[in-house]
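These notes open a run of structures that come right after.
In what comes next, subunit A is part of two complexes: it sits with subunit B in the first one and with subunit C in the second one.
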Partner chain A sequence: MSRLSDRSTIGAWWAAIWPYRHFYLFIAPFFVLFALFGLYPLVFSLYLSFVKWDGLTPMQWVGLSNFRTMLGDEVLRRALWNTLVIGVLYIPPMLGLAFLFAQILNAQWLKLKAFYRAALFLPCVTPMVVIAIVFGLLFSSEKGVLNYALGFLHIPGIPWLTSEQWSKVSVAILVVWRWTGYNMILMLAGLQGIPEDYYEAAAVDGATAVQRMWCITLPLLRPTVRFCLLLSLLGTLYMFDEIFVLTNGGGPGTSSLNFGMYLFNLSFGSFKFGYASCVAYTIAILVFIGTLITNRINRQRGGEA
Partner chain B sequence: MNPSRTPQQLLVRGAAYIALTATAVLFLFPFYWLVISAFKTQAQIFTLPPQWLPLPPTGANFVDIYREANLLRAFLNSVLTTGGHVLLALFLCSLAGYAFAKYPQAPGHAKLFNFVLGTMMIPGAVTLIPSFLVMVRLHWIDTYWALILPGAVGAFGIFWMRQYFHANLPDELIQAARIDGCSEFGIYWRIALPVARPALAALGILQLIGSWNNLMWAFLVLRTPGMFTLPVVIYLLNGEIRTPYGMLMAGGLLTTLPLVVAFLLFQRQFIAGVTAGAVKQ
Partner chain C sequence: MSVRPRPSPTGMTRKRLSVAALLGSACVALLAGCAPPAPTTDTAVPVTTARPSGAITIWSWNIAAKALQGLVPAFEKRNPGVQATVDMTGARMSTRFMLALTAGVGAPEVSQLQMTDAPRYIATHRLADLTAVAGKYRDRFPPAQWQSCELNGHVYAIPWDTGPCAVFYKRDLFQRYGIDPAKIETWDDYIQAGKTIVEKSGGKTRMLPLSTNDLESMLEILLQQTHGQIFDEQGRIALDSPEAKQALDIVRQLRQAGICSDVAAYGQEWMAGFNDESIATYPGAVWLAGTIEDTAKDYPGKKTNWGVFRLPSIAPGGDHVANSGGSVLVIPASCTNKAAAWAFIEYALCTQEGQLAQYHSSSLYPAYLPALQSSTMDAPDPFFGGQPVGRLFATDITKIRRLNRTQDWGEATTYLQQGLSEWASRGMPEGDLLEALAQKLHERLDVPLAPAGTTPVAQAAGGTK
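What follows is the complex of A and B.
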């Protein structure tokens, strides 16, 4: 009896599915590839977090020992600190410039719009490995163009890439150059989503340009800015190419080692697959929780306003 | 609104033009430096005051990198892997995007779509090691497959194509084709795809740039010099003891140029694709 009803439920299920077989067929490649390169790695990586493994010798179950190691890991702490410092160095100027230029490019009176937009955006499409080497030339202490230009202002040459104090600044300059245009385009799209009548109504009421900016543009652009900020924070954490090439993987010493570079060294430099997975997982979960909390706070604040 | 401009307005506009032009010059300067350095000798690159134009210009860097780094082969590897990756991505993303846009009554549709969007939250850093091990297990290390397949069909591409089909492909057209006896795949291939050309261009350019510039993954999965793509060749040349900057700049120029041309040709579509990324928030 129950068997019969089982069969008939399966039959009913099949009858519901069958007319849409093309739908499932068309989306199947995504799920196959995701299973192989997304889901399986995600699960396996979780398992790896509890083992000690170099990829060659047999795995060794170590329980929570990786997590304990992480708490005392000086290099990890250093990498997270560097990530924070680099982020603080470049995110405010980058987002400020992006906001300013988005404003200007959104003005109706501006001529040569397409040229300016292309010029500011071009850095985003270029291969980082090439550009980092060009910046390496420009930053060169003795023969670099940057120090040569500073010489005209009677500023003594700065050891951009050879000193622990300046390496983070050099990375920050490279990142500002590379990503300002991207954020500018996102903000430009946000600005174009603000209805023109808001500004007209404000102008009729006699609002000044500053008031319009403060009371219309900024509040309405807040979601876009928040999105840019989230992308930048994640970008700083997982940044790789810039550090790998410009400062030879975080140098001098560990002065520009960020989290992404640290993780790469741990995985493919010292082949600590288990420990690296543990660190990657923990930080990703912390970031996820942090994002959820800030989203909730923002929603509550948005509800009150 | 006011046709006569006040002095204050002129001042603001003048300042805006100056700021914009100065930044544009600064932003283009590294490209300029890349181009002129490619035509300089090592000595010319490091003279002070710097040479603003290579005098006399030399083509030796191009010859050297062609000879020493097997640049032609690297270029071919880059073209084949990027080309394969982009074509596959366009096909699979548009196929899935079409399905999500045009079969809304299929059981489980909403759940499956939310699942696809949810996969965007997974950071690549977490899955890097196991993905690499999958490559080892499949014997894909040092093959084109390792560069073509992973990431070929992703949540963003599916989302982007779905939005486009949803807004621009009328259901009546599909119904009419069905009545004429066109197969479901035939409808996608002959009716949906031609309509989606602008969306495909945008997605294609995004994928092209990501794939062409890919350094870390290519560095991990490629082993023999004959398989190296352009970014890997450039990176490894940079690591040599006496960095051959002229050669690097020549190779760098050849690596950068295709992208700059592609960007300038498809600027509008590309920017549309980037801003669509903001929608997914």
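What follows is the complex of A and C.
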């Protein structure tokens, strides 16, 4: 039944489905919604990549012109570079902290675990509007809490949100604060999946705490860490609300403009739906290829569990 | 391999979902109305003596929606057959209005648009042609506003409110530091007064809030005063001009004088400044008064004593006016009850009664000139210590220069804002910023540069009154 070309095969195919129609009906809503809100936009935006369209006037077929524009797009390059820098600034500290907190929460001696877990998870369920107000007050160069604190240490105030150098750092700090808890929960799940027996056996063999960490915890946690890393990388690319609210959509200049924000500006600021689709598609394909390559490398290393 | 959607570590999923949903609904809208009706001659609103009837929906936002809501009873009394509903659709209204226009279905009978967005929508030919019914009102609106509503001599929108600018100042602080607002004639005087205040207050009080990210709106105000333009009349980029340079120089002087507070417009500290001593003045449009009044009334402690003086001019004897903001009302071409829709717009915007009612209820400053001649404009305003500020804002309102707004306006201002904040965060280096910006606009918008040496024609200065 590999080919469905002639009628009898389709008939056979249909005959195979018909007895189970109720089951298909039950799973249909997902597929209908997916086709409407997932598949259709996906295909439609592929088409949009080849047209010029502002949403109001008729579409104009421009062939590969969008792709040519993209090659010379200096703002896109800047946005991708910013994405990389912001990622490098926040991912290591965030994953490090998440690992540390997960270790502590996994410890036998800790009381009130549920409370700490909830407290650390709270930032990522806090509405962005609230976060924006609070961090605006923290980072403000005029009366910000951070600069006030620095004043006590006789360090001159830092223009957190008004200088091109510091705006990325400010975004990174906000992201670390907001998403450490989420990654901690993932790592905690990973830690709890490591059987206790290994540690007991290691203890019997006289392994030190450092050795247990190095030879048991870290290797067995590697898939989880890799998963967190992948999510973080993708998250950096499409990060939106943090930048939208904290640096006024990528300011000053384009110093904290990341890829997601740039796409938003293109489509809903400049109404260049065709060009925005083209950029989005190209980057998505690049990311897909990148993921394939890293997966392949990992598998060759025999890393994937 | 089946991957279930998970929230990403940086929380993109929710936003991405909503953007996807928006795109999704755009697609559905497209499916629903694959071939939007081509504009035909019946997109015009004809003159008729028949009584309008039927139900109409008006899309509007925020305080403006409330103002219209207040008009509904009187309007329905005048037009017994019409039921008007004001839909305060709030967030992303302009995007949804655009989608509805694209789809050819789902648009309301009347919608609000930002004045700055109007040319973009008008250029699509999906708005009803109001020339036959509205042409007679041409002389009753400030020319700068009216021209944003026209394309090739046809009228597609009616100006609603305007945003004449002035400077809101704190009387107590001015008195304490010995500044006489009547003596502030030019921006130079303003900067000098600012320096005095900063010095005498020991740096505690700054003259105005002007952060790195808010320079673009300041530049727009100053461009109107120097008669500069971003686009010339043919829609070419005219930013690299002596007039624009003059405007930029004033921005530089303001920032370099050390009198600006680096707080973001409409941020927490900016609002907090309404009632403390951190900021002495807020240059801004007339609608800022409502925001100050509304926000500051809940603040604890002694209330600030506010006053208003006219916008400083570039040079002695120059213009003291500029406009910032303002809205219009439009009728989509696809509207099936244009007569009732027009009846509503005409009552709300083209009568003294309608406009003054909105001025009193929601401080929407009338674009309709006869409303400005009403004696109620001379009434002392208790919030401003009895100063008749309504008259102050009306002064010379027809002298406001129009900035040529093309359909690329929104995108252009985004690049300007980026360029200016970058410039400011690098310490405002000398060198030709405007030339670089004009070049950038030229490349990004794919719009030609205006030939060098042609001074952009500032339009419509002459008083029609």
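Everything that follows uses one rule, which is that the second predicted complex is superposed on the first by the 286 of 305 C-alpha atoms of A that agree within 3 Å, B and C clash if a C-alpha of one lies under 4 Å from a C-alpha of the other, contacts with A are read in each partner's own complex, and residues count from 1 in each chain.
As a working rule, a residue touches a chain if its C-beta (ideal position, glycine included) is under 8 Å from a C-beta of that chain, and two chains touch if they have at least 3 such contacts.
The structure displayed is predicted, hence computed values, not measured ones.
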Item to check | Touched subunit A residues, subunit B compared with subunit C | outcome: B
Next on the checklist: Tell me the contact category for A:64 with respect to subunit B and subunit C: first, second, both or neither.
Outcome noted: neither
Next on the checklist: Quick check on the superposed pair: does A:135 touch subunit B, subunit C, both, or neither? Answer first, second, both or neither.
Outcome noted: first
Next on the checklist: After the superposition on A, what does A:121 contact: first (subunit B), second (subunit C), both or neither?
Outcome noted: first
Next on the checklist: Looking at A:22 after the superposition, I want to know if it touches subunit B, subunit C, both of them or none. Which is it: first, second, both, neither?
Outcome noted: first
Checklist entry - Once the shared chain is lined up, is A:100 touching subunit B (first), subunit C (second), both, or neither of them? => result first
Checklist entry - After lining up the shared chain so the two structures overlap, which partner does A:265 touch, if you call subunit B first and subunit C second: first, second, both or neither? => result second
Checklist entry - Looking at the overlay, what does A:241 touch: subunit B (first), subunit C (second), both, or neither? => result both
Checklist entry - Once the shared chain is lined up, is A:297 touching subunit B (first), subunit C (second), both, or neither of them? => result neither
Checklist entry - Which partner does A:109 reach: the first (subunit B), the second (subunit C), both, or neither? => result first
Item to check | subunit B and subunit C contact sites that coincide on subunit A, given as residue numbers | outcome: 36-38, 40-41, 44-45, 55, 128, 133, 137, 140, 143, 182, 234, 238, 240-241, 260, 264, 268
Next on the checklist: With touch defined as at the start, can you tell me which subunit B residues reach subunit A in the complex?
Outcome noted: 1, 13, 16, 19-20, 23-24, 26-28, 30-31, 33-34, 37, 45-50, 92, 95-96, 98-100, 103, 105-107, 109, 112, 116, 119, 121-134, 149-153, 158, 184-185, 188, 209, 212-213, 215-216, 220, 230-231, 234-235, 238, 245, 248-249, 251-252, 255-256, 259-260, 262-264, 267, 270-271, 274-275, 277-278, 281
Next on the checklist: Per the contact definition, I'd like the list of subunit A residues that touch subunit B in the complex.
Outcome noted: 16-17, 20, 22-24, 26-27, 29-30, 33-34, 36-38, 40-42, 44-45, 48, 55, 97, 100-101, 104-105, 107, 109-110, 114-123, 125-131, 133-135, 137-138, 140, 143, 145, 148, 177, 180-182, 185-186, 188-190, 203, 223-224, 227, 234, 238, 240-241, 244-245, 260, 263-264, 267-268, 273, 276-277, 280-281, 284, 287-288
Item to check | Residues on subunit A engaged by subunit C in the complex (per definition of touch) | outcome: 36-38, 40-41, 44-45, 55-57, 75, 94, 124, 128, 133, 136-137, 140-143, 159, 161-164, 175, 178-179, 182-183, 228, 231-232, 234-236, 238-242, 248, 250-255, 260, 264-265, 268-271
Checklist outcome for this item: Counting only contacts in the complex, subunit C reaches subunit A at residues 6-12, 14-16, 19-21, 23-24, 26-28, 30, 95, 98-99, 101-102, 121, 123-124, 126, 211-213, 261-264, 267-269, 278, 410-411, 414, 417-419, 421-426, 444
